[in-house]
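Pasting the structures here.
Next come two complexes, and both contain chain A; in the first it sits with chain B, in the second with chain C.
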Partner chain A sequence: MNDIHDELVRIVGAAYVSRAEEELYLYGRDQGVQPPGRPDYVVLPATTEEVRRIVLLAGENGVPVVPMGGGLVLSGLTVPLKGGIVLDMKRMNRILEVNELSHYCVVEAGTTQGALQAYLARRHPALKHSVPDAPPVATIAGNVAIHGSGHLSQSEGGFHSEMVTGLEVVLPTGEVCRLGSCSTVDKWFSRAPLPDLAGLFLGWNGTTGVITKVGMKLFPSFPLKDVLMFMTEDIDAVPEVISRIVSTEMGEDITFFVTPKPAYFDGFQMTNVHIVARTPREMKLRQALVRESVQPYLDRKEAGFLPLPAHMKVNLLAAPQKSLSEFADIRKGGGFEYVGSIMPVESIPGAYRAGLGIAARNGVTYSMGARVVGRGHAVMFYYAFPFNRADEAELQSVRHALEAANRAALDLGGIPWKTEVAGQRMILARMDPATVALMERLRALLDPNGIMNPGNWEVAP
Partner chain B sequence: MTELRWNPDICAACETVDCLEKCQYVRYSPEQARGERDRLIRGEETAILTDCVTCYACEEYCPHHNHPFYLIVERQEELGIHPVPKPIEKSQVLMMGPKGRIVPEAVRTPVINLCYFPMMKGAIRGRLLGDASVIVGSDIFCNLMFLHFARNSTIRERLPQMIRNIMTHYLTPGGVDELVCYHDECYGTYTSWAPAFGIDVPFRPVHFFDFLNRRLEALAGQIKPLGLKAAYQRPCSNRLCPETDAWVDAIFEKIGVERTEREFDHGNALCCGGVMEAQQRFELAESNRERNIADMKASGATMAVFNCPFCFFTLAEKAAQAGLMPVMMSDLCHMALGD
Partner chain C sequence: MRHEELLHRCFRCGWCKMPLNYADFNCPSYLQYRFESFTAGGRMWLIRAWQKGEIQAGERLAQILFTCVTCKNCVQTCAMPGIREQLVDIFMAAKGELVEQGLVPPSIRDYLKAMQTHGNPYKRPDAERARWAEGLDLPRYSGQAYLFYVGDEGAFDELGIGMARSVARLLGQAGVDFGILGEAETSDGNDVRAAGEEGLARALAETLTAKLNDLGVKKVVTLSPHAFNIMKTDYPAWGGAFTVEHWTQVVARRVRALAPAETALKVAFHDPCYLGRWQGEYEAPRALLRAVPGLTLLEMPRNRQNALCCGGGGGNFFTDILGHGGDQAARVRVREAAETGAAVLVVACPLCLKMLDDAVKAEGLDDRLAVRDLATLLLAMR
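Now for the complex of A and B:
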């Protein structure tokens, strides 16, 4: 093992390899309820070449490699289940290119959401990227790798993985591959018209290779912003409300939430519609079209747009949203589990009812909601359970709630998102066997030594 | 349960039907207005119950002080007519309900009631107001806003307890017998709504402008006239106490501010539009705001002065965009004192 450590030091320098107990402790867990693991090494590479050499070294010695971005996934995907190297990508944080005319950027895999957001605001204020509602230290690459979504997912093309214009990846066997237009010309504008190989590295939880660079779509940043909050008291109305609003194509971001606290929101459903515009006139038109889309509800007085004071709008328009981070700390004690499911819009009422039942049965505090992805093609429905890590009984309750939420999602026709190993197995158990077999063949082909984040997407442990 | 002290015979005999004829938001012919009035008296469904924007103005227009607006609200509630979508109404009832978190506090004269606007505490400061005791919060909240929601019942249910809270926890132990109402809504509650519904008010309500006037008089030697022209946004609840509108002029005179002559002031004041938004009348709300701000601007004002925090929240940004500095009356007076 000393040989491996020495070799890692030779590759990245002594300052960027650690076997210190406290660091192995921290890199062995995340904020969620999954049991911790224990890495043998924590390594922070600075270049693609260093990643390549680390992966080759790991392959030669049969050492697992777990790529890690911000480490915020909450479901243990960066917990080293079988030891090995946690490959912390945060030093690879350069923004390499912003193409103002073709609206894309190229960033290294450790570039954070916050860094790109700040960089664009300062240097390219006419452009922005889709920001997930995660802390700003979440990485661009980590988020696309888990099929994340964000505040432009409704209006600008869906999941962040669908906004990827190209990837650079280090294969488990050490080759460096560029995927998309950048594989053929020195431009990162598109994955089409080539065979789309990027999918081999998106949604695989780091089991097929290490993403080292990402090309991402950028979008116009408009000067005027507003948010409308539509309040209903009938969960069964929500899918139609969302469908009507989405169909106007006037909303930039459409989200929905329910929460038992504060009490004046309990029992109601709030659908938030973010609207952007270039001019006040355009803003008025967009607002009017959104409002008209739900006119029948207004006429029946069954639902309506809540007048929002300016300070509340400022909070609601912030990207990322701080409210979920604040909710995460409601129980104190440093525990937060955030279970998402990708599901069709019509599943929202069932997911809501299931969530209420799960929270009640397990005695856990909850917040639930959804973000519309694509033009109403799907939603990312979330259950959020904050908990006190020092309270083992509470931890156990959240684990049960998590498992129940995953099962409910599948029963409702949805698919658990960025789910932990147990949830992955639940999905694989229901997956078409031919698809499972194809996944296994592809993994075996790409990762013949089985070093990449082992334990994930495996039918058997 | 308290009943509205309203005399149907007075309405029936009314020749002018000013309550509806003077309304800025409905256009009824004299014949239609009389028909509306008659159906209101009989407790039947009629257009005004859904047309009403709940601006309170008919309380001021009625020459007989026979409470036409309170009657409209009664009828809306009796007939299940909801001016605001039901979920928003229910949520507001929950949001603004008493939280039972009242903390008894020693007070002394003067005591200023900040209603349920804790964010306005910073206004009670300086030479002008710094010695005042302040009471604020959900447990002393007048609840009059529920007139906009066709819920006299909520006010009826909550107000007696609010009055008891004010007396038990503040005024009685402090030996204080008068309460300065910062917001017109509270003053209107205690001087208009409560008497109309037979609810006793055991303290003397003092309008904030009355109080400000007296304070400014006492500090006259320290005032540096501002030399400004200002447009005043008269709030809906001032319709319940129109006699207090003259104090705006008196205050302005003392601090060297000219109240600009404009179309939408005094009896012709326009609603800020906030409630219209809650009623989902977005175009009306927007056109009201635009007309109001344009009128302020055209009057030559450089400032838009408010007393209602809700009007301020609703109009301040638009006023500022038009080049009018939005300011609360209390802050304007502080400015004149250099505080």
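Now for the complex of A and C:
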């Protein structure tokens, strides 16, 4: 093992390799309730070439490699289940290109959401990217690799992985590949019309290679923004409400949430519609069209728009929302984990009822909600359970609740998103066997030494 | 350990690494080391693991904790109310635990030993504390409106001495009635406390407080934001019967008396952590710069509460425990300043002055960017 350590030091420099107890402890766990692992090394590469050499070294020695971006998935996907090297990618954080006319950017894999957001605001204020509801230290590459979504997912084309225009990846066998238009010309504008190989690295939890560069779509940034909150009391009405609002094409981001606290929200369902515009006149028109779309509910006095105080609007319009991190401490215990489930809009009432039952049976508090992805093509429905990190019994209750939520999501026709290993196995158990076999063949082909984030997307333990 | 009940409430969500505008990583030790362990969240989790016996304290943990330069970026940006206010205090308490156990890095040990035995980190006799004022004909304090306190850097550091002399002259030109302590000055204790030696800091503070009280000092004006911080925040509870201001605040109220000459100079201002994030003063130095006709004040992307620390806090100014290289906070900061097109990076703290002046040389930016303390710059405008 000393040889491997020495070689890692030769590749990235002594300052960026650690096998100290402190780093092994910290990189062996994430913020959720999944059990810890233990890496053998934590390595911080700065270039694609360094990643390539590390992966080659790992392959030659059969050492697992776990790529990590912000390390914020909560479900243990960057916890090294079988030891090895955790590759913290955040030193690779250069923003390489912003194409103002073709509306895309190219960034190194460790570039954070916040850094890109700030860079665009300062240097290209007419453009923005879709910001996930993760803290700003989440990385662009990490988020697309897990099929993340964000505040432009409803209006601008779906999951962030669908906004990818190109990738540079280091294969488990050490080759560096460019995927998309950048494989053929020196531009990163599109994955089409070529065979779409980027899919081999999106949604695979780092089991097929290491993403080192990402091309991402950018979108117009509007000067005015507002939010409307539509409150219903009948969960069965929510799919139609969402469908009506989505169909106006006036909302930039559409989210839905229920929460037992504060008490005045308990029993209601809130649908938030973020609206952006270039002028006050356009804003008024967009707001009017959204209101008109749900007029029948207003006429029947079954629902209504909630007047929002200014401070609440500021909070709701923030991207990302800091209050989502605050949720981790509502039990005064610094933690939460959630099951995000990708499901059809019509599954929302069932998911909601299932969530209430799961929370009650496991004695845990909850927050539930959804983000519309695409023009109503799917939602990311989340069951979030906060916990007190110092209370082992509470951690166990949340683990049970998460397992139940994974099962409920699948039963309702949804698919758990960026789910922990147990959830991955639930999915694989229900997956078409031919699809499972194809996944296994692809992995064996790409990663013959089985070094990439082993334990994930595996049928057998 | 103090605040132990808060440790498990850190979510390690990482907001603490960035400024409020996300411009870039803004925690000096994280910028330098890039391991998650060198963030506020990483420290919280590691301190908890240490307190629970899951890891043992050793050299690496000491390095991780003592490289916190107490800049308070994490306090500004942490998402958790009820915890964020205490973050730096938690890190100082943890450093204190390591000091008690004798597990301090050698450079910190040497710094604290110098403070204990010599009363200053430069290991110089108190008799030399008045040398900075030679030739200025400044009166010893004897009931003037203000006592001008220059501290260790103002007394012993070459650049700090220059700054202290400029501030003294500027105070005089602004019509401020003040006296100095000269060789009777003693250390204020701010950075000793930030390095985890609370007992020694308290002893230093009590010595100085007693001296000022005995002299009947009612108002103190400080050269350094560090001294300003501890005197303003802590001295009242430790018996201090005087108010305290930073020199920029005192002079800003008398800016008309300075009547600076016109200039076409373009400058950027670097907010000192102990003046800005610790004490909330962002405007006084800017008011002084705006008072110079024709001067263009350019703001760096990270300014005011988002300012990137120079890395000189927490005792690092004296110990260099944070280390060197291109990712050193001071070097990142001068690159940021140079990108604004400013010809001068203006500072209001003797520690920032030295840290950033060294960084400009290390970056090879000498021909594009000068580092000047605000007082010297204002004097040159007359």
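Everything that follows uses one rule, which is that the second predicted complex is superposed on the first by the 461 of 461 C-alpha atoms of A that agree within 3 Å, B and C clash if a C-alpha of one lies under 4 Å from a C-alpha of the other, contacts with A are read in each partner's own complex, and residues count from 1 in each chain.
Rule of thumb we're sticking to: a contact is a pair of C-beta atoms (placed from the backbone, for glycine too) under 8 Å apart; a residue touches a chain by one contact, two chains touch by 3 or more.
What you see is a predicted model; the values in this text were computed from it and never measured.
When both complexes are superposed on chain A, chain B and chain C sit side by side without a clash. With both structures placed on the common chain, the touch criterion links A:Pro195 to neither chain B nor chain C. In the superposed three-chain arrangement, the CA centre of chain A forms the vertex of an angle with the CA centres of chain B and chain C, and that angle is 70 degrees when rounded to a multiple of 10. When the shared chain is aligned, chain C comes close enough to touch A:Glu21, but chain B does not.
Once the two complexes are laid over each other on the shared chain, residue contacts for A:Gly114 go to chain C alone; chain B is not touched.
One of chain B and chain C touches more residues of chain A, and that partner is C. In the superposition on chain A, contact of A:Lys284 is made with chain B only, not with chain C. Within the superposed three-chain model, A:Gly70 lies in touch with chain C and out of touch with chain B [touch as defined at top]. Legend: residue contacts after superposition of the two complexes on their common chain; A:Phe305 is shown touching chain B, with no touch to chain C.
Taking the two complexes aligned on chain A, the least Cα distance separating chain B from chain C is 19 Å. Touched by chain B in one complex and by chain C in the other is not one residue of chain A. Taken together, the chain B residues at the contact with chain A in this complex read 82, 84-88, 90-92, 94-95, 274, 277-278, 280, 282-283, 286, 313, 316-317.
Residues of chain A touching chain C in their complex: 15-16, 18, 20-23, 25-27, 31, 42, 44, 70-72, 88, 90-91, 112-115, 117-118, 121-122, 135-138, 322-323, 325-326, 328-329, 332-336, 388-390. Put simply, chain A touches chain B in their complex at residues 231-233, 262-266, 268, 284, 287-288, 291, 297-298, 301-307, 309-310.
Of all the residues in chain C, the ones that touch chain A in their complex are 8-15, 17-18, 21-24, 33-37, 42, 45-46, 49, 54-56, 58, 60-61, 64, 79-83, 301.
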